[in-house]
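Below are the structure tokens for one structure; questions will follow.
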């Protein structure tokens, strides 16, 4: 299958998942609307963190699939499993939005972190598959692409693990701040993209 | 109408239907969030089975439409009827997620199976139409494409029927496991795709 | 603006509106799930009628925009107003699904019919604009396209009006059957499409 | 990254956000359906204003991105932040639809206006970035594009501010009418589009 078709389908899924986050923007409870709006800050917080996170994941997804020209069945399967995690993001987002301020805030934020760790592993699997099957996928990747990308993936996973631990042992709000900070960090730091490859991909001895 | 446009519209419908499944990821009931999350396993189970199933159906849809260059009115109608079934999938998914553990679990799982059987028949109808009208659709299909595909479609229908019967007579959970196993099986086994045709499609005497 | 971009956006809106209809597939009330499923027949009925209707409208939209090469501001505005009607379809669909069997069935079905009449007028306006501004839109339409299309648009509007009157004065179910029959009729009868124009569009004296 | 991909993703987000507005079309309360439908006029009003507003924003987004050939990381980030505002629009729309007639109408409409002001600032930031980085984005913009666009952006921001103040100090309905009037005004008045540039962009002394 042509990779463009998989990207178009994945783009649609990303676009819908990111837009469904608006369903978490809602107020509830007693009192005037003004007080309800103020009290709903966990909803806004969770919305912003998840929106930025899905946005970053969309960019990373394009960076990875931008390397390949065609996709095979294992890549389709890995991509489908990855999307299964991304589509689920509104679920822990809702949990965090509803419970951040009550006794279940830790459980909600840990669930959020665990979903993110699973998704990070999915991205790593997709990337490893692309790099190790570059020739059959028509992909042009730098010789040491895998080694180069280890720090990035390790950092992401480690920060999600740290945030999850902090949420579990100390403060759910601090955990969520860490997840948000990671998204903001990745807005500016990222995998080398295919467009930048001509420089990064040339033979070291060239 | 150009087949690309029908595929783009269908892709959008598939992407939205698969993403709406997240609405079934929710907790309810009494007790701590932790216990609610554990008790919601039928929701996760139904989510995974339906997500993989719609994912497979998307791939099969592409495989079928990948054979044709243009579409005529009957193909559009068949495609619309097929999409009407696929868009409905979140409905029996919700039924299963809500009732798998109560006395209505059998009715919910049988409803799920019946929807799948109807959709399987829709796929078979679309495929038969493409093969039997190959020339007017600009399709290149192997001479014996219809005969070759009989086992695959028969298997799918038979497994859905078996799962439905098992859910009705014995265990809804077992029925749902069968539906999930079928999806996983089809992740790796599938119709011959257009890209693989040059080999499969050459004249037997060549 | 290039017409392809408007079509892509419109396609997305059609695809989402048609998929959101699944939210009307739900059961409620007392009793076993089996009886709830049987009692929910107005939901299935409304789902099928609206699904086929939006599907037909999507095809008609493509037929109309398939004539033009570029779009101007008035066409964008007309298209946006038309989409505003189409996106609203799930609303009267929900009303019909919930009230078809109770004393408010007439009001619900009349509302449904009125929305359809407004949308039909929107399609007629879009088509008239395309035909009367063919040269500036880069459109190739038969000389007598406008006259040829009068019967089709008149029929659609008249049948929606008749169904609405029948729903108001006699039976909401009969009105909904008429709306569904119109959709099925248009599945097979339609405006001349751009692909068929070479024949339809040649000079009468050619 | 190619700008076409960003536009496709953004189009998807716009299409979904505009379609989710239908979730605000609903009736509630006591009495016959007919009276509920009449009483729901704030829902229709808010639906129309937000639908036209998102529609206009979609057109403006295309006008801005239509100038560029490729996108860089800062543009992606600005675009993501802008989309985060647009995806949120259904939230204040719901607030207005539910509270326009009660004591919380002012708070709801002011919230609506503030979201619009933030989004307007986002559009201005995107446009300023495109104009000031035209060469690296492959954009062709008129020499004095920035100066030319000041009146348009100033008008939009000023009208949103005025509508918000009027809603806060006097009448939420009047504020919402102003927001709707602005959308209708921009249906016919807009930024110079890339297609019109050859005329608008030629040197004044040419």
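Per-chain numbering from 1; labels A, B, C and D assigned in written order.
What we mean here is this: contacts are C-beta pairs under 8 Å (C-beta built on N, C-alpha and C of every residue); 3 or more make two chains touch, one makes a residue touch a chain.
All values derive from a computational prediction rather than experimental measurement.
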{"item": "Length of the shortest touching-chain route, chain A through to chain C", "value": "2"}
{"item": "Chain of greatest Cα-centre distance to chain D", "value": "B"}
{"item": "Chain copies touching (chain C, chain D) - same or different residues, decided at half shared", "value": "different"}
{"item": "Magnitude of the superposing rotation for chain A and chain B (Cα, nearest 5°)", "value": "90"}
{"item": "Euclidean distance of C-alpha centroids - chain B vs chain C, Å", "value": "27"}
{"item": "Intercentroid distance (Cα basis), chain D paired with chain B, Å", "value": "38"}
{"item": "Of all residues in chain D, the ones touching two or more other chains", "value": "8, 12, 16, 20"}
{"item": "Full enumeration of touching chain pairs", "value": "A-B, A-D, B-C, C-D"}
{"item": "Residues on chain A engaged by chain B in the complex (per definition of touch)", "value": "1, 5, 8-9, 12-13, 16-17, 20, 70, 73, 76-77, 80, 83-84, 87-91, 94-95, 99, 103-104, 107-108, 111"}
{"item": "Chain D to chain C touching residues, read off their complex", "value": "7-8, 11-12, 14-16, 18-22, 25-27, 32-34, 37, 47-48, 51-52, 55, 58-59, 62, 66, 187-188, 190, 193, 195"}
